[in-house]
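Same chain, two partners: chain A is paired with chain B first, then with chain C.
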Partner chain A sequence: MTTTTAPAEAVRKTSPGAADGHPRRPGRIRRAGLPYLLLLPALLLELLVHLVPMVIGIVMSFKELTQFYIRDWTTAPWTGLRNYAMSVDFNAPVGEALLHSFLVTCAFTVLSVGLCWLIGTAAAVFMQDTFRGRGVLRALFLVPYALPVYAAVITWVFMFQHDNGLVNHVLHDQLGLTDKPSFWLIGDNSFYALLTVSVWKGWPFAFLIVMAGLQNIPRELYEAAALDGAGMWQQLRRITLPSLRPVNQVLVLVLFLWTFNDFNTPYVLFGKAAPEAADLISVHIYQASFVTWNFGTGSAMSVLLLLFLLVVTGVYLLLTSSGSTRGRRRGAA
Partner chain B sequence: MRSIRAAAIGAVTLSLALAATACGGGSATGGGGSNDSPKTLTYWASNQGASIEVDKKVLQPELDKFEKQTGIKVELEVVPWSDLLNRILTATTSGQGPDVLNIGNTWSASLQATGALLPWDEKNFEKIGSRDRFVDSALGSTGAQGQDPAAVPLYSMAYALYYNKKILADAGVTEPPATWDELVAAGEKIKADGKQVLGAEGANLAENIHHVYVFAQQHGADFFTADGKPDFTSEGAVAAVKQYVDLMAKDEVIPPGNAEYAQNQSVSDFAKGRTAMLLWQSASANLKSQGRSEDDYGIAPVPVQSGTPGSGKQVNSMVAGINLAVFKNTDNLDGATEFVKFMTSDEEQKILNKAYSSIPPVKAAQSDPAFDTPANAVLKDTLAQSAVALPQVPDESQFETAVGTAVKDLFADAAAGRPVTTESVKAALEKAQQQMPAK
Partner chain C sequence: MTRSPMAPPRSFLWSRRIFLTLLTGFVLVPVYVMISSSLKPLADVTGEFRWLPSELTIRPYIDIWSTVPLAKYFVNSLIVAGAATVCSVVIAVFSAYAVSRYDFRGKRVFTVTVLSTQMFPGILFLLPLFLLYVNIGNATGIALFGSRGGLILTYLTFSLPFSIWMLIGYLESVPRDLDEAALVDGCGPLGALFRVVVPAAIPGIVAVAVYAFMTAWGEVLFASVMTNDTTRTLAVGLQGYSTLNDVYWNQIMAASLVVSVPVVAGFLLLQRYLVTGLTAGAVK
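So, the complex of A and B:
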């Protein structure tokens, strides 16, 4: 590895000077500073839009920010780690509820991401070959992804209604699968309702990305494999999936982060108080802060969530990228 | 080279501009109000009519009238209920809010605790007439006891039993039920006739609170101790919540499907003639907009445990209503008080409360014959004799969320056919109490 990169670096280092022809020192300094100068507006904006609110959020998590202090934050007393202690004390009600919500979110995310990926990849693979109506189908599949979240989810709310929703009409009235109409927006079934909407909304993105990834796999590979007698299943396992690896690595990560943090879907489906079975962490934190007016505890929970997602992302990238370099090396050998 | 220099200059300029705006933005607006912009006001109105458009049609002519009288232009925004409290909280936090706003009267003490609203001391009351112009029950829902009110009453409402005359007559029920036992008995007859009995909004936290609070009073209990500590698990409170949920679980007068109602579907059901009865506050205007004629339904007091409505254990409604508040940091303090004076004037009170089928909290306006119709008489009597204010404590809105959610979950249990027992109710309330801020 090192032997191949070193000459490349050396070349890169010498090339600007060589191409320039005039090794003027002040000019070089100016030129070295220029990228940073050009980056400055973006950096400042980043600071303003992302980092400052994040830092304020972290500061808030160390304060007792209830309704008595929100008008003037500076007067809110410091609480040290008490907000955190309360959030992770799993024997007490607040911590227990947070843990429950966290576990529900984990289960929901694994199922949702898994299904989104599976359906998206399957659809993309089946639509790899050209056939009549492919364009129309592609466009149709992307509709859930293109719809505004609120409009899409509120339609699902109507469909999931107990008394005159479409879902109960089909499952109960027409197919007779259930003894009596089920509740989808309250009680235990709400988990499946949430999962359905989330997968419906999320899989077109997986489809889109995998479809783009498939365009990059050379046709010759499949032709060669077919000549060698590889069936469709083997082509999928030996060519398609390994070639999609870098695409999948990013896709799964992005889907995971989006799904884990999803606020709009549960909020529009269930309103401010989600049923316990579908109590996703984002809505839970919203309720802990906005509805009970305790922004300090809510911030502490958000910071914990941020840390968790950072760790998961870090570990994921470490595992997958080391895996991919190993794979590449094996491929080279 | 020249283009590089231009780029560099551009970058530096942009950065400086950004830095300047970052420092300049969000100037502190804390502290008292001022009169820096005496010619404009921003007004957030709550959604009182059947839709936001209806509200605009009702309010705009009045605001124009105000502008003609005073030269002050009022920017109107009608905020839907689902957003109102969040918007107020955000405005409180940022200091960037309206000058005058509507608040649900049950939030008065909670919002009072933030210190963002102008306190209505004797001096401020003098500017709009006097404190005595308002009905006592309405003033009882304007903030914590012993403190200057955080707002003044604007519209008063009370719960009543709306009943479909034809369904009751068809089922052989001659009189609207006056006690809960009578309601359950009437329910048997109505169900035998194939109609739904009583509508409810099982997933609407505020509705749940309004009902269980009145039930608690009927059981001689409260959800807060005298010194403002949450006390959700007393025998009376548990019995109250159980009685309300039992209307679905045991008595089966509320249809199970209502457990997921939160968007006033129960009002539509009643308007469409699907349910026989509905407990609602000042529903006339809403029912009318859904095409239900006033001749089709009757209005009776909400049932009590036994006897007739009155005070103490005989209460049968909360004091519902809207208050008008002024943001303390307004930059048009005089204009804002002038506007409050205008909105609470006898004449405006009559116009607005007629439009919203509510009762004026201003004594002089109540004498208008329009508020003596049989429907309004029930509401007026209820407010005067048998309505109780929700707890005026800072934790009130947390209570609404915590206990409201508990009742929503209990309704979900009942709808799914799971038993609702004294133990399960107590456990749900205990969990709700644990979520309250530690004292």
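So, the complex of A and C:
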């Protein structure tokens, strides 16, 4: 790459881009149609699969859409805000269950994202320097992330089995920590089972991103700090963590959105009926729609969920971007 | 990446040793369970859990193909994930090239809109998309619902936003002088893209391809609603082992391992590119 820059440098002086008022970015050539043509496939697909269905979903949330109207959903009668009123009426069963599911999801997301970030960052920082076996360990740590969700989660289902699972075998038979074998996939324990699987599956992504982020920290910073007598821990606090700020801003947001919307993990772990203690919102809405065949209410719940995520994301970006121009740049991207 | 010229203090070395050992255990236990149980006879996985098989058998690996039509699911997954990956990468390269090399109206709107689709809960557009595909099918005769085509279309848009975002970052790191030189040499913009920019961006493109393939290979929600008996993918098919009266855990583990090998092997082979791609692109 370095060999090609020298002749290209000479070319730049005569290139057409330099003349048309873009001296800083000579590569940007204005040509009206081409960029739009290049974007067209992506735009069409996003429209078809994301944006149009989203609009349909919003329209559906204002309709009384039960199984009788599913053949031709446009004929379902309008109900105004009734679906929404039903979803947020926390004294009635539907609203109460939704609120409960929402709170469970919040607690689950905070714990899962926090643990994934903590473990991923710690592992990446500990593996910043070379040591024997580092390459093998790095490959190994990425395995949970690389495994297909259903294959990984189904293994955990086996491990959490009451009679023939590994977890009860170790906790009860081998260590004697519990009086009798516990149920992990039903009842209150299911929350911890879900959290464990989610963290096991999710932390390598944080590891991967933080590891990539660490490679962009200039070595000179550490060398200068070492000359000034800063120890390893001080370097970590003063250089590594502050430098990771912009990376963390995006990482935490992405982890939050993925975890909050996660459907695959609870669905494979618990099947169609999630236990109350681990009733994540995506599965809850899926159930509210497909088990009761009330798609209008399900859509209203989905729209409320989207609004919540929009508000949280907006507030998060505002809070984390203020005071740091690097952060702001990331937030815009 | 070496960091400081000084040797790290003992406290650091010990914390590292303890932390990485515990973490390795946490990561490895399920992997071990998967591998060891796939080599056990059925009696070993229905009774109390055993760390070691009473006898090693490859029987589960033979039976998985007849208990459920695994080969058919495998081929379906391969076609769907493969096609979704190729389309997603090509489309992402076009979009990222446009955004990183051109100034045009609506650029910010485009990037923000595409990225914001990442936050949509899948559940919000599951049913509308289902209705849309059925309606398109009724109106035009193009079967999207229940077909592999519909699933390919859906999956490729799942990986598209993140792929575009990562590739924009990566293309920014490819010197503009390179494609300008190609333009001066008489290549058109597309010639410059394919002859110069794409070869220089291979690590980023490979990273995006790996991501797209994994996304399509592992998705469960849409696969369970949008497929039928002939187009069923592994994500749904694997549940066939546990809906029967007996739960053949040894076969489930064997099948899980078989469906994981292509992605895990590919991922581990290409992970170097993934880290390079992320370093230059997403986290720059």
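Operating definition for what follows: the second predicted complex is superposed on the first by the 287 of 333 C-alpha atoms of A that agree within 3 Å, B and C clash if a C-alpha of one lies under 4 Å from a C-alpha of the other, contacts with A are read in each partner's own complex, and residues count from 1 in each chain.
Methods note: contacts are C-beta pairs under 8 Å (C-beta built on N, C-alpha and C of every residue); 3 or more make two chains touch, one makes a residue touch a chain.
No experiment lies behind these values; they were computed from the predicted model shown.
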item: First, second, both or neither for A:D163, with chain B first and chain C second; value: both
item: Partner chain in contact with A:G231 - chain B first, chain C second, else both or neither; value: second
item: First, second, both or neither for A:P218, with chain B first and chain C second; value: neither
item: Touching partner for A:Q67 - first (chain B), second (chain C), both, neither; value: first
item: Chain B versus chain C as contact partner of A:L48, first or second or both or neither; value: both
item: Partner chain(s) touched by A:A146 [first = chain B, second = chain C, both, neither]; value: second
item: First (chain B), second (chain C), both or neither touched by A:L310; value: second
item: Which partner, chain B or chain C, touches more chain A residues; value: C
item: Which superposed partner A:G80 touches (first chain B, second chain C, both, neither); value: neither
item: Contacts of A:G114 with chain B and chain C, given as first, second, both or neither; value: neither
item: Footprint overlap on chain A, comparing chain B with chain C; value: 31, 34, 38, 41, 45, 48, 73, 161, 163
item: For the chain A and chain B complex, residues of the former touching the latter; value: 31, 34, 37-38, 40-41, 44-45, 48, 66-68, 70-73, 92-94, 97, 161-163, 181, 183, 185-188, 271-273, 275-276, 287, 290-294
item: Chain C - residues contacting chain A, complex; value: 1-6, 8-9, 11-12, 15-16, 19-20, 23-24, 26-31, 33-34, 37, 45-49, 91-92, 94-95, 97-99, 101-104, 107-108, 110-111, 113-114, 117-129, 131-132, 153-154, 156-157, 160-161, 164-165, 175-181, 183-184, 189, 200, 214, 217-221, 224, 234-235, 238-239, 242, 249, 252-253, 256-257, 259-260, 263-264, 267-268, 271, 274-275, 278-279, 282-284
item: Chain C contact footprint on chain A (complex, rising order); value: 1, 4-5, 7-9, 11-12, 14-17, 22, 25-32, 34-36, 38-39, 41-43, 45-46, 48-54, 56-57, 60, 73, 119, 122-123, 126-130, 137-152, 154-156, 158-159, 161, 163-166, 168-169, 173, 200, 208-209, 211-216, 219, 222-223, 225-226, 231-233, 235, 246-247, 250, 254, 257, 260-261, 263-264, 267-268, 281-282, 285-286, 289, 295, 298-299, 302-303, 305-306, 309-310, 313, 332-333
item: Contact set on chain B toward chain A in their complex; value: 4, 7-8, 11-12, 14-15, 18-19, 22, 30, 86, 89, 92-93, 95, 110-111, 113-116, 202-203, 205, 256-257, 259-260, 262, 394, 397-398, 401-402, 404-405, 408-409, 411-413, 415-416, 431, 434-437
